[in-house]
Each structure stands twice: as C-alpha cells, then as structure tokens.
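For clarity, chains are labelled A, B, C and D in written order, and residue numbers in each chain start from 1.
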Amino acid sequence: MNGNSFGHIFRITTWGESHGSSLGAIVDGCPSGLPLCAEDFLPDLERRQGGKTAFTTPRKESDLVLIESGVFEDKTTGSPICLRLVNQEQKSADYHSLKDIFRPGHADLTTHLKHGHRDHRGGGRSSARETAARVAAGVVAKKILCLNNIHLAAWVSQVGPHKVEDLSTRSLEEIRGLETWKNWEGELESLRAKKDSWGGILSCKVEGIPPGLGEPVFDKLGSVLAHALMSLPAAVSFRQGSISEEAPGSLIRDPISWKAGAPTPLSNKHGGILGGMSTGLPLLCHVGFHAPTSIAQPIETVSKTGIPQSLKVDGRHDAFPLPRALPIVEAMVAIVLLDSLMRAGLVSQKII
Amino acid sequence: MNGNSFGHIFRITTWGESHGSSLGAIVDGCPSGLPLCAEDFLPDLERRQGGKTAFTTPRKESDLVLIESGVFEDKTTGSPICLRLVNQEQKSADYHSLKDIFRPGHADLTTHLKHGHRDHRGGGRSSARETAARVAAGVVAKKILCLNNIHLAAWVSQVGPHKVEDLSTRSLEEIRGLETWKNWEGELESLRAKKDSWGGILSCKVEGIPPGLGEPVFDKLGSVLAHALMSLPAAVSFRQGSISEEAPGSLIRDPISWKAGAPTPLSNKHGGILGGMSTGLPLLCHVGFHAPTSIAQPIETVSKTGIPQSLKVDGRHDAFPLPRALPIVEAMVAIVLLDSLMRAGLVSQKII
Amino acid sequence: MNGNSFGHIFRITTWGESHGSSLGAIVDGCPSGLPLCAEDFLPDLERRQGGKTAFTTPRKESDLVLIESGVFEDKTTGSPICLRLVNQEQKSADYHSLKDIFRPGHADLTTHLKHGHRDHRGGGRSSARETAARVAAGVVAKKILCLNNIHLAAWVSQVGPHKVEDLSTRSLEEIRGLETWKNWEGELESLRAKKDSWGGILSCKVEGIPPGLGEPVFDKLGSVLAHALMSLPAAVSFRQGSISEEAPGSLIRDPISWKAGAPTPLSNKHGGILGGMSTGLPLLCHVGFHAPTSIAQPIETVSKTGIPQSLKVDGRHDAFPLPRALPIVEAMVAIVLLDSLMRAGLVSQKII
Amino acid sequence: MNGNSFGHIFRITTWGESHGSSLGAIVDGCPSGLPLCAEDFLPDLERRQGGKTAFTTPRKESDLVLIESGVFEDKTTGSPICLRLVNQEQKSADYHSLKDIFRPGHADLTTHLKHGHRDHRGGGRSSARETAARVAAGVVAKKILCLNNIHLAAWVSQVGPHKVEDLSTRSLEEIRGLETWKNWEGELESLRAKKDSWGGILSCKVEGIPPGLGEPVFDKLGSVLAHALMSLPAAVSFRQGSISEEAPGSLIRDPISWKAGAPTPLSNKHGGILGGMSTGLPLLCHVGFHAPTSIAQPIETVSKTGIPQSLKVDGRHDAFPLPRALPIVEAMVAIVLLDSLMRAGLVSQKII
C-alpha cells in the first residue's frame, strides 16, 4: 500500500534509508535452484557507482551485498531472498545544517508534509541509495531472464539537448560497449565548471521476449514499464517504442507477414508491443531524466518554521549522472519482464 | 493478475468485449452515502462519444449506465457498485471477414498469440469500447474528488505535429471551454480526405490536491499516473510536469518560500510532484497518443494460416480521435488521485 | 481492500445485493479455451436451492446464470468472465417493517454501524444470496480442476449435536450419493415444529492434489482454506485434517514410506497437508456452521432510534439449511485449490 | 504470491531460515511518529522463548531485534521498518544426519516435493523460529492498538484433553496473570518422561474494538483471523466466538438493546463479530494446536532415495509448547486488527 514493493509473482520489497544501519531488498518469488552468490552483484553495483575498474580496486563495504536468506549451498531455495547492504558509518553532523531546511527539487519538502517526522540525512528514504537495492534485485531477475534467453541493454540516447544517433537496431553487444555521452565530454566539463548539470534520456532494448506477454487492459506491458521506470528518481518522461505522437497514421504502420510459421510484423515501429502485449520483436523503451537540481548554485528556500534562506548544496557535484543510472533502468526493465513472464506461467518454479 | 483491475482502495475491475452481451465496471471502495444515479454518467459518456448535444438527442442504449448494485435509494451503500452498459445488437456477419486475419497495429495478432481462442469481433477485449467502463468508474471518482475540493480538466495540447499554446496556467473553467484543435480544422479535413490520421498529446491539470500525496518509492504519484495513462489504447508517451530532460539543472529549479503557514515552492516547473509526492501546487501531466492506424489505406497482412493479403479497414474513419479521449484521461487521473487520497487515509468512508 | 474479491491468479469478485437489479461474479484468470455455457451452472445452483428435480421443473429466472463476457463460441477467451444472476422482482414493501430495526444475529446491526446508509431488504450485501455468485464461480473452478484430475465432494458430517459416521475414507462417488442427515429426519421435523433450528458440520474431501501445493508461511493451504470457508455466512469453526488438539503426539504421527518412486506418508491423519503444503494424499477439511438464528421465536431488539421491540422473523423457516451449503463449500474449496495450483504454475493458461 | 507477506495496509513481510545469517520482518504501513526502540521487543520475545526472568538474565544474541530502518531518533518515520534478528552460529554438522531424510509430521517432505533444493537445517523456512519475526512485528501492532485503546490477551484454554474453566468474561489483567496449565503440571511431567507431548487450545480476547470493523463478504473479521491463526505451525483448528455448531438456534441468540446511544447486543455469544463485522463487544477467538510430533519415540521414514529407516528426534523435547505460543497468537491477532482498522480508515497515519 505504501509502495515499497513492486511486482506480483516476482516481487521485490525494499527498505532502508541512506543513513540507517542497512538497506536492501526482499526478493520473493525466485525459483528454487538458481545459482546465486555475493559476487554476482558486483558488476552492476559497480556500474551504478560509476567506477571503471570494478574488479581490481578494493571494494567499499557499502557495495557488498549480503545474502541473508533464501540461498543454501549457493543455490536459491524458493524462500524469500534477503539482500542487504550495510551503510557505512557517516558523520551525522555533516547533515546537521539540513535538519530544518528543505532542499528545493528534493523530497525533503513533501516528506515533511506527508510524514511530519523524517530522517533528514542524505535524503532519507528518498535517497538515490535506495536504487542500490533495486539493482541488487535486478541482478537476480537478469539471471533468470538469461536462462530463458532474454537479454537486454540500456544506453544513453540523449545527453542534455543532444540526441545520440539511433542505436535501436544495433546488437546488444555493440550497445553495451558504447559510452555514447563521450562525444559531449567537453560540454559536460564546462557544465561542471559552471556548477550546472544535464539530464537526458536512457533507452533500453530487450531481445528474446516471447509473443503475448503483458495484459490487454490495465497492465499493458508498456503501462507496467512506465510505472517501473517513472518510479526512478528524477524521471520525467516515458516513451514506448519508436512511434511518435506527431506522425500521421500512414507512416507508423507495421505490415504483418508470415515468418517461421507464425504471423509477425515486418517492421518494428511499434517497439515490440501491440495492444499492451509483446509481438516477439525487440522491445524498446525510453525514460527521460531531468538534470540534477542539487547544484552548487545558491537557491532560495525556507526552514521548517518559515525563515527564508539561501541554500547552496556543496559536496560532490554530478554534472551528468545518467551513465550511473543504466544498471538501474536495466534492473527495473528486467524485474517487469520477469514478473510478466511469471504471470504468463512461462517460468519454471524449479531450476534443475 | 490479468490486469483487469486498477487501484488499491478505490479499485475498479472492468469486464466485457465490444460484442458480448454487456460490459462494465465493478467499482469497489466507494464510500457510503454518495448520491449517485444513472444520469450522472451521461455527460462524460457523451463527451466520449464525441456528441455535442448530449441532453437533447435520444440516447442510444449503449450509452446508458445501469447501476446493478451498491446504490440504494439513490445513494451508495459502501458495497461494490456494478455499472453495466448493454452492447447493442450487432451483426456479427460484419466482422466475418476479420475472423482469420490480423489487422496491423491492433491487438488482433498479440491476442491470438497469447490466448489462441479469441473474440475477433470489434477488437474483443482490446476494443476501445472498454474505455466506456473506465469513464463510468471515473464519474464516481470525480464526484468524490469534488466533495474533497479537487477538480481537474484535460485538454488537447498537441494536434499531430502542432503544439497548442501552453494552457497550464489557465483556470480549469477556461480550459474546459476550449476546443484547441479547431485551429487546425482545415488540415484535419484534408487528412480525412487523404484517408490519413493524426495523434497528439492530451494534458491534464488538477487543482486542490493536498501536499504529501503519493508514495516515495515504487508508487510515486507520477509512476501510478504513468501506469494508468499508458494503459489507454494508442498511448505512446507520458510526461510529468513541465520540466524537460533537455534543460540544464540551473533552469528547472523551483525555489521554496513560506506561504499560508507552510513551505511551498514559488514556481511550478515540477508540475505538482516532488520525490513522487504532491507539493500542493497544481498537478500537470501529459499523455501522447499515436495516430490511429486503422485507416482506409490498404496494408499487407496475413491470415491465421499464413496466407498474405492486403487489408483495407473500411467504415467510420476517425482522422483525429483525441477529443473523445479527454473524458477517458480525466477518468484515469481521477481514479489514481482518489485511490492515492484513500491510501493516505484522507477520504471519509461515510459521506453524511 | 473491501473484501469483495478472493484469490490471486484465479480471482473472483462478487457484487450485488439480494434486492438489487442483479448480482454476480467476475471470474478473472480463467484459462482460454475452456468449454463453458449457461447449462453448466444449473446443477450446483439447483443443489444450493435445495431442489431435487433440477432439470425437470421450470427454472426460476433467478437460477439462470447469464454469461456476459469472456466466452466466445462457447469457449472461454482468457478475458474476465462476467456471470450475472438477475434478481426477481420483489415487493419491497415486504421488507418495510425491517427498515429501521435490527434482526439479532444478522449483519443488520454491524452494517448500520459500519456504513450508516444500508439496503435493509433481505440482508442487502450480507444476504445468503451472495453465495449464488460463489457457486457460479466455483463451477468454473471445478471444471478446470477436473481437467487436472482433481475431484472433490462435501458431505454433512454433523447434524446439530449428532456426529455422522466417519466418511473420510470413502470414495467420492459414495460420498456424493449420501444424504447423511436423513437419519435424524424425525428430530429435524420436531425442531421445525418447535420453530427451532440446528447447525452442524460440513466436511470436504479432495483427491488428486499434487504434492507441494500451498505456501510454507502465511498462505499455508489450510490457512487459505480457513479464510475461504470461514467467510461463509454462519461459519463458526474450521478444522484441518483429522488430527485433534486433544491427542498426544505419539498418536498423531504418520510414518513416511516410499511409494511409486516418491516419499509418501503411510497414513493420512494429517489430512493431506503438512507444513502448509499438500502431501499428495486426500485433503480433508471441516467447517462448522451455527444454527440459523432467524427462527420464528420472538426476540428483543431495538430500532435505529433506540425504541425496544420484540421481533419475530416470519416467512420460510429453515430448520437445517446445511445440505444447501454443500455446493457452496465445494465452490470455495475448488477456488482455493485452483488458485493454489495456478500460483504454483501448474495450470496451463491455454486449454487446447 | 508466495505467502511471505500478510496484511494490506499494515503489511508484514518475513524472511529467513533458522540457520541462515539472519531473519526478520519488514513492517510496512506503520504510521510516522510512533516511539520505537529495541527494548520494546524484549518482553514478547522473552515470552516466546519461555523464559521467566526476561529483564534480568543476560540476553542471547538471537533475542535482540535490530532496527535497520524506518526509525529515526527513536520514532518511526513512515518508511518500512526492517526488524532483524541475527541467527547464532550453529554447527551445521548437527543437522547433517537429517540432510537426506524426512522427519514425519514436518515440512521436510513437502518442501522437498515443492522446491527440490532445500535448506534442511532446523526446518529451514518452516522452522518455528520464523514466528520470532511475527512476534517482533506484532509488538509494533500492539503499540499502535494501545494508542487506539485496543487491548488483548491470550491464554491457554485447553491442555491436551483438559478444558480450562471459561475465562472469557474475566478482565484482561486477570487473564494475563494466569498460568492455566499449571493445574496439569504433574500430567505434563509424566508425558515428558514418556517422551510424549500434548497440544491444546489458545484463546484470545480483545477489548476496545470499534463496531463495524471487518468486511461483509470474503474478508470477514473472523475469516482473516482464521487465515492468520491457521498459518501458525501446528494449528489445526480455529473457532470464532463462543457459539458452537451443536446448539439449537434458540439458545445462541443475542438480543439487541440500546446502550450509550447506540444499538448493542445484550449478550456476547457471538464473540464480538456479526456478519463478519465487529459489534463493539469483546472479540473472542480460539486456535487449536496439535501435539508436537517431534518426540523422542522412533518412527519410520525414508531417505530422499527411498531407503527406509527408523528416526528418533533427539535434543530438547518440548512436551507442551503452548505457553510459548501465546505471544505469537497475540501478535497475529494484533496484526489482523490493526490492518482492519487501517482498512477502515480509523488509524491516523501520523502520530503527533
């Protein structure tokens, strides 16, 4: 009811604030017999941290996923899997200045208005650190999708105002290798110098989805993906497929032909979903994020008691955080697809 | 699980195909004591039909909502409200030619691949007629929102490639009166003549939402709105607020000030939602629809058994159906908001 | 949330009062391809009415199930099935005397206290007529269970204070033929003459359940059965299996042996469920109903405004209604088992 | 779907096996502002361990509840509360002999048949240790009920075959002080000597419930209590109120009178629930547990591969564990009632 869980059969529940003891996810509905160990989580959590030399540098404790339950002798048992990440000791004093004040563009204000009593340290429950739990759960989902020959990759398809060339027809391998934002590295550098920031768009492509996935009315595949991806911090837009609302009907139609013994659209303008259900062609979706508003330029705000003041958010200034969101987008897409497959009865509950 | 229900506390379940006996919605979770009668449903169902003289022309049977349960002496009792619309006798023969063939761009193909056995008449369960049930349920939601001083209106904000001037700061009364697409009536006429069509964008504004509505993690207010609105037929995009992914961080910040004894953003670039929860400022959201692909230009398809053929969808040709979707968008937004209010414990379960 | 739905994947939602226009059930999650027609519902609805010559007497309209959706050319499509029963014209005046008064032992009082505004006619939403919708939904569940070789039968195992001999090891065919209460027909006659009534216990046996059904923690198979069966009007007790709380541990153990290549308990004191999951042996459960309290002996009550008065419930006086509850118990057990099978991924979503 | 969560608005999710790293509960839906600290959990967890001098003896690590999230400066924030109990180091070798064998009367067999791969140590997910997580969650529920003037107590009402005198009209204070099983201490001693065991019945009384709680159809208050209590290990029966299925209708009726400005039953044979909804009188329910079957008398079983053998469960032999289940029953009743109150909108989401 409070929206800390997602999914129906493959269902994750996250808990934790950025400065509590620990945070994590309960992954419920995982089939038994899936090989799973702590190392499986390292690559995606490393991508989320933005690090480049994931396996060579000493890990920070906060990157380690502790498997508290649901795994026995390195294989899942069908019981809920508790994935836990310990928060590092943080000096609460660092946040003392933010105790009674609201950072514009953050959940500080709305959390205060909703709950009254809040953990002001580092964004509390609304901290981007919560997405680490999603990435961890996504790793489990991706492993099961792989066993079902479903693969996916996300990429940066827009950097601030700059559109990246269309990669949607490239192979997943090619997509994975590309750091598409590098073309604008100079601009990003000067943004950072000006203490400003950019958002952009992340796109995701999925191959191997069987046709007929998704439900025809409220839980269209695109609706559930929209729900999942619009729940990411700073997400402002979602788009399904490559069809635009601007084009006339005559230009956005995919004829249907017979292929490998089954009716199949000849082209993929629809992005893999028709009437809310997958066609079997690659799935494409796009999620837009606004630029980070926690920049080092001062802005006006007020305290809890109404005293106006100018606030300048110091500390690390991330001018373009989108590359770090790639594994988060992949995690949410994987969770949606796995749950949809399970709703369709297409995933075995025992892996032999 | 099959996605025929939506909402948690105010929960609607729709049933029915376009050519079955009847279709409708079970509205569960409505407070007791709400005045409700069949006439309440006429205006929005009339808007959905595109009619202009709703109350003067003789009603078609299919527009009448029968209240089967949950209402006693013209007031709700707290029991589930069954709203039923009888389907008119239709000559099934009209659809005989579509029995074994897939209309490109429709759910025919994916329904066949998902379920095997399908009702091919008029789109079956995926018919746009299903949205009549949503509109009926939305009428109930709107009535309760009104009692809680929450009001909303949707408008056409983009007509094919043409952006309508920004109406987001206009009053709801002004917005309701405008037929914004009329500026392009000539172009729409020539589209129709060419047997082509346009999509566009519908926007919705809501006033009176208390702050703190929505949940901070998976069920952000924007996520649930995205889920609801992306579940409409032909929806391809969702956008929250007026912030774009292209603008730098420095241009999209709303300073916070003290107003009427509470902290409040000074501007509303965020569109009424921060961190997934309402700020108390007007809520803005936008949903894009692609152009109808059922146009009278022929297109290639195949039959169930793989025989290729050219298909031309005859009959009524709707070159720009977006005005008829306005009450549907309003219905889904109203249902999301009412359910969120109920999740927050802000709606009395008895109306005195 | 308001408890008008039951089940997760095979999910039924009922609506309707005894004196509204109609009542029924939305059956969601039924596989596509199941043959289904209106006649399928007659036998169990007839058993619920207590009639003996089901197929020969002219049907009352209220016994007919109208299939409003989800079935095309006599087979299900995978879309929600709306099963509707029209209520017969009733003279509301008959109930006028009960408008402002509470029948002791009924939901009149609690409905008034919960909702304020209520439909007082015939028990409103709490009328036993609501169980007709459950029986209709149960017919669908039973048909799918049959296809999966799961069969069940309920019988009257206690008549007021009199225990019927243990039938739990008899075959389902034998059980179905027995009118076990006939032994006490004389006593029941004199009860009726005294304007009194009896309750008793109904037992249900299910054969063919695969092992491992049910979930180990909150949704033990027995917990969900208890939920379902205790939701029947007048139910006061639930018991799983044949193990009692009185026996010492040494007398209630079932040794395990090897049978047909799998470990299997040698005896079935556990009633087919261990640790919340089925063992593969026949499932046994028992539900106790208290005697009807709507008897023609006067009882003290008050009106809405506190005026004391003596109330005598006239009309048909059912001294021992339990035989009519047999199809209702079977329906709820069938719904629980089918949903559990679907949760375990053991039922195909397409019937070829 | 896998039944590791319970409740709708106040919703708990438990995870963990008896020999994993840790186990616990995510408590979602707790209002913000509730004072909560680790010490709050000690008394009920101590009762569950059967200890008598809870606050004076040094705690075992396994009794300590770690609050991982959702609490800031000793008050809840409205975010999910992660309650974690670390499992003590256990010598896995102790369980090696049970690796390939099924203890009769346990979930070993059904877990193997359901999941294939299982954690055999100490019952794995089906260990009674899982109830510690429920007790911890129940402590939170009880604290909120107290603030709403709802209080409850459970007692042992049957010891093996011996019925304890009826305590249902005693005050909660009196009930709490009584160790009703002490009358049969001699018999229990000789049971233990004979390596045998007893079950019995636990009863629970709740005072202060507002009228109208519970839902009239599937989620009757008694149905949900039955679900909750039948989910406890070894539960075999549930009974609501004090009405039996044996008594004639004339003896089980509660007349209604006017009391403090409202209609109220004059007596409480119905046990506080009518038509599935509370009447405002004290709630009474009873749950029966069979005797422990893990006794030191040998029993026949087989190994995974079908080799028959005689099994004698050694170690601590609990001849009458029911007193330790009292806080577990109270926890489940408290969780059901709190969730029902929240479903009725009767609990504030902020505690000031």
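Here is the rule we use: contacts are C-beta pairs under 8 Å (C-beta built on N, C-alpha and C of every residue); 3 or more make two chains touch, one makes a residue touch a chain.
What you see is a predicted model, and the numbers here were worked out from it, not measured in a lab.
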With residue numbering as the guide, point to the option in A-C, A-D or C-D that repeats B-C in over half of the contact pairs. A-D
Taking each chain's centre as the mean of its Cα atoms, which chain lies farthest from subunit D? B
Check B-D against A-D and say which one is joined by more contacting C-beta pairs. A-D
Go ahead and note the Å separation of the Cα centroids belonging to subunit A and subunit B. 27
How big is the gap, in whole Å, between where the Cα atoms of subunit B centre and where those of subunit D centre? 45
Round to the nearest whole Å and give the separation of the Cα centres of subunit A and subunit D. 38
For subunit D, which residues are shared contacts with two or more other chains? 1-2, 4-5, 8-9, 14, 79, 114-115, 125, 216, 343-344, 349
Quick check of your reading of the touch definition: is the inter-chain graph here a line, ring, star, complete or other? complete
Residues of subunit A that touch subunit C when the two form their complex: 9, 79, 216, 342-345, 347-349
Flag every residue of subunit B that touches subunit A in the complex, lowest number first. 1-6, 8, 14, 102, 104-115, 125-126, 130, 158, 160-161, 191, 194-201, 211-220, 222-224, 226-228, 230-231, 233, 235-241, 243-250, 252-258, 261-263, 265-266, 270, 274-280, 288-295, 297, 299-302, 304, 306, 308, 343-344
Would you tell me which residues of subunit C are touching subunit B in their complex? 1-2, 4-5, 8-9, 11, 13-17, 20-24, 26, 28-29, 32-33, 66-72, 75-82, 84, 114-119, 124-125, 349-350, 352
